[in-house]
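One chain, chain A, links the two complexes that follow: it is found with chain B in the first and with chain C in the second.
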Partner chain A sequence: MIHRIPIILRGTTIASLVTLILLPLVLPSASLATEVLIFAIAVLGCNLLLGYTGLLSFGQGIFFGLGAYTASLCLIRLGTGLLSSLGIAVIAGGVVAAAVGSLSIRRRGIYFVMLTLAFSQMAYFVASTSKDITGGENGLLDVPRPPLVFFGMQISSLATGSAFYAFVAVIFIVLYVALRRVIHSPFGSTLLAIRENEERALAVGYNTRYFKIMAFAMSGGITALAGALYAISLHFAPLSNIEFVMSEQIVLMTIIGGTGSLYGSLLGAGFMVVAGEALSAIWPRWMLLLGIILIAIVMFMRGGLWGGVEQVMNRFRSRKPQQGQAPPLEVPND
Partner chain B sequence: MSIYLFQILNGVGLGMIYFLLSIGLTIIFGLLNFVNFAHGAFFLLGAYLCAQVHIMTGNFWLSLLLAPLAVGFLAWLVEKLLLHRTYHLPHMYQILVTLGLALIIQESSIIFWGPVGKNVPTPEVLQGAVTLGSFAYPWYRLFVIVLALVVALILWILLEKTKFGALIRAGSENTEMVSLLGVNIFKLFSVTFGLGAVLAGMAGVLVAPLRGAEPFMGTEALGIGFVVVVVGGMGSFVGALVGGILIGIVQSLASSLWPQGANIMIYGAMALVILLRPYGLFGRA
Partner chain C sequence: MIRNVLLKTSGLGLNYGKFAALSKVNLEVRERTIHSVIGPNGAGKTTLFHCLTGSRNPTTGSVEFAGQDITRLPNHKRIGIGMSRSFQITSLFQNLSVHENLRLAAQGRNMVKAMKFWGAVESLAETIEIADQILERLDLAANADVLAGELSHGQQRILEVGMALAAKPKMLLLDEPTSGMGIEDIPIMTNLIHELGKELTILLIEHNMGIVMSISDIVTVMYQGQVLVEGTPAEVKEDERVRIAYLGEVV
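Here is the complex of A and B:
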């Protein structure tokens, strides 16, 4: 299995680069393309937990909302620069996620899911009640978008939609490559081992608790980065960022794109954001379709969209999965 | 003083509705060992069907009879056609399928009944309030408490004194053993799932005259149901009753003071219970 990975790897990295270049050309607006990438970043974070560590967290909205609030508050009240605001949001997300994670992983299975849900609800009600900090129902308005300054040099004013898209695209690709390396490092293999059989990983001598908390911290930092970029992109940090629905949406995108596949993250986010944009105008109840798709994926195509693409590709190459090997759908191969 | 008494009584009424909502969730978890994320949607459907029957006939009692049965039938059908096929998968997939189902039901309700909520008036017989000296309490809320108590009693008899109940209890203990003894466990699963949905639907009908039917009450109810089930102990009948009333009273007392605080508290309680006492107040280890 392992020896096959590098080939597909190069393929998906190139595919994501091509996707990044094509997105703003194909989509009607740069802001829509930016939204796709921002959610793709959030889905990368969720995928690290769900796809690679086997943890279904309904708490991703906490980190998304937290990132949005942290970056917005830095920009509005402290007047910090763009990169430092993003950095602070990432650290905040990582720290809170480590805390939430270290508590949640004390339980497994359904109880784990319920814990992340309880924390997610608490975060929402805390945010909605602390109006002085978060703006409550109104959210934080007029979030500025400062120019991109690197070591005292202004690189771009980021004033136009396409400039901001390029900025987010660079972040995405850096994150994508970094995550790919993480996943193929011994650290990533240990996460996979935990996903496949935690008892065995524990028995072999891995401190699975540490690995799970680390996965949470990374996931939280990445998700907070997405939230921060979202607020800066919209000039607005609404309360809905931290709602349960946001956690649900991020999980849905991850499942639809394909768990355990980084390129799937881009597909899942792209599908949901573009379908949402295209359909919500003509058919406001398009979420109904999403429910059907979710069920169909669980029943028939557990690898999500990327799993489907891969099946087709395998058929073209007439390289069927060998017997005794897990079907390609459920094996992360990105 | 009497204002607090009133709030507590209100809380008990709300709590009885929470009990009806959660008991299905808890029995389904006990027997089928999965968390039904569509349970809030069944509650939502109950409330909307109540509104629909009211629009068509103006009769609340008819809706109290028909709506839970309709919801139960739908749930039974869904179990037969869909959930049935997911039992061999990890619990994550059951959560996702029921989540998809909840989305479908919620969005379909908006298609049928529109995005704006529907009001249902209190049935005529139950309008007005009981007065005991200076203390007044609405008849309808009293009716809800009494009806829910009766349903709780019937359910208790069903679970503790009948063969069907014995099968459910035995199945919660050890599903495999029960099926080895020659019981059609899948039939038991679908009937139990349907029964849980009937109760959630009934909770929805009862809540409709109090706060109407609106599209997002399902998600909210699901959250509350989780809290009740977790605090009381997953799979526990008494736990659902006590947990429901407890949460109802907490919410009711805090509703005038700090409603958001009450929500932070009850979800905090949920997290604490899972961390410190995962089997809840009344569950067995």
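Here is the complex of A and C:
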């Protein structure tokens, strides 16, 4: 399998590393760059489900919101450190996602999607009514951002925007490399098999339920991490984190970036966050423009932004043929 | 030489409401034989196949495999006991390479290893070896890197059987392996099944009488959800009831 992936794709780790370095230089502020990365993390989580397992979950906002609340509560009430708060949020996200996943995958196709949607609505009402815990409509205010301490050594106070960006960037790249490993592992290859043909996957012996629940747990943990970082970045955990709109946005970013492509996650999140920022400055009804762009991407770029990049690269390569080699086939695999 | 019974059904039946798609089927498939099930459209062949593979739960009766009751064993667990199936309508991982299709099929044998999420796919060397062996055997080695969906229909049918083979089963259940194949491709499939029959037990559901008669050890003829006749191909060929079943009521 590996040898079929065009060499340039194998280097997406390098491409994302370069992107991480350029992002704060190109964008007007470090906080905007941080926001791009945080959403890119959430999109990585969504991609694992949608792109690799073929599960369209409209429940990603549950895990994002849960991560934000969990980390904020740990920091405000328990006074735990930065890394342990993030860790607790990841575990909470993973556990809840496993539960939501194991119930939702009892149905397939559109019914599965509706179940995730129902869970998403439920989570929102739970969050908005439990005012004592989540702060209800007001959200959780004054979320502290403790310094980054590693084995008793303070590495950074994370007080500046660029220091926090660097922190998020390191998390992103570690996660990116880890997910690449997962995707190319026996487990990851089985997820692709389930996406391609679940009936056959069952027939050759896979208990597809376990694999889907595992994918959900991983996705939930990753999404909760993004939510936690978002709260710490804003010093605030608003109710909107757990609203349906959040689920929708994460799914849209995944599709725009390109399902089944990890680097596409960065493109999708970057595009949505930056376009939203830029368009909202020009015109208050910018969401309308975004809608038109979305329609264009879905209709003319089926592989999302990453699919477009691939097309351009393939065209460029076929201009200078290498000893009559056929252009590499597109493998929906990273 | 009498061979041991590997698969046995007793009084197997499946009702859809009042309609009995299958009733009172007693079948014994012996080790290392090619046992074919034939019958006109609507005879219950596919229903029987579904009950044997666990895709449908029978209403009555039981299925035993190697002495173990497997009537309600979920279909993904059947690989573990040594039963493997193919599909009548080609069911492959269309957007993955031929080699990857077979590798995934081989990987399904061991759930614990398949759950390994750290470490490359290549770390399960055995699954790659199995895939390579089967590629050779199916004469598809030249197409190892082609996407399964880009193979010719005949090659896809061959790969369909290969997928079932990758589980290293004791018994293969083949559902109309030649369906939709061109005349010139059919002998390849017939030879393959004939060769496999020397090592494995094969239950073959087939429409094509020519294939059935040339390679089967035992033929079971079904009609209206029941077993009509069972015997060697020669016996079945001579049977008047079979002729009537196939030609309809025109006697």
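Throughout what follows, the second predicted complex is superposed on the first by the 315 of 334 C-alpha atoms of A that agree within 3 Å, B and C clash if a C-alpha of one lies under 4 Å from a C-alpha of the other, contacts with A are read in each partner's own complex, and residues count from 1 in each chain.
The rule we apply is simple: a residue touches a chain if its C-beta (ideal position, glycine included) is under 8 Å from a C-beta of that chain, and two chains touch if they have at least 3 such contacts.
Quick caveat: nothing in here was measured; it's all calculated off a predicted structure.
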Fit-or-clash call for chain B and chain C when the two complexes are aligned on chain A: fit
Angle, in degrees and to the nearest 10, that opens at chain A between the C-alpha centres of chain B and chain C: 80
Touched partner set for A:184, first chain B, second chain C, both or neither: second
Which of chain B and chain C A:295 touches, first, second, both or neither: first
Touching partner for A:117 - first (chain B), second (chain C), both, neither: first
Chain B versus chain C as contact partner of A:205, first or second or both or neither: second
After superposition on chain A, the shortest CA separation from chain B to chain C (Å): 13
Shared chain A contacts, counted only where both chain B and chain C touch the same residue: none
Contact footprint of chain A on chain B as seen in their complex: 29, 34-35, 82, 85-86, 89, 91-93, 95-97, 99-104, 106-108, 110-111, 219, 223, 226-227, 230, 258, 260-261, 263-264, 267-268, 270-271, 274-275, 278
In the complex, chain A residues that touch chain C: 1-4, 181-182, 184-190, 192-193, 196-197, 199-208, 210-211, 214, 329, 332
Complex interface listing, chain A residues touching chain B: 56, 103, 106-107, 109-111, 113-115, 117-119, 121-122, 125-126, 128-129, 244-245, 248, 255, 285, 287-288, 290-295, 298-299, 302
In the complex with chain A, residue positions of chain C that touch it: 53, 75-80, 84-85, 87, 91-97, 99-100, 103-105, 107-109, 111, 113-124, 127, 145, 147, 163-164, 166-167
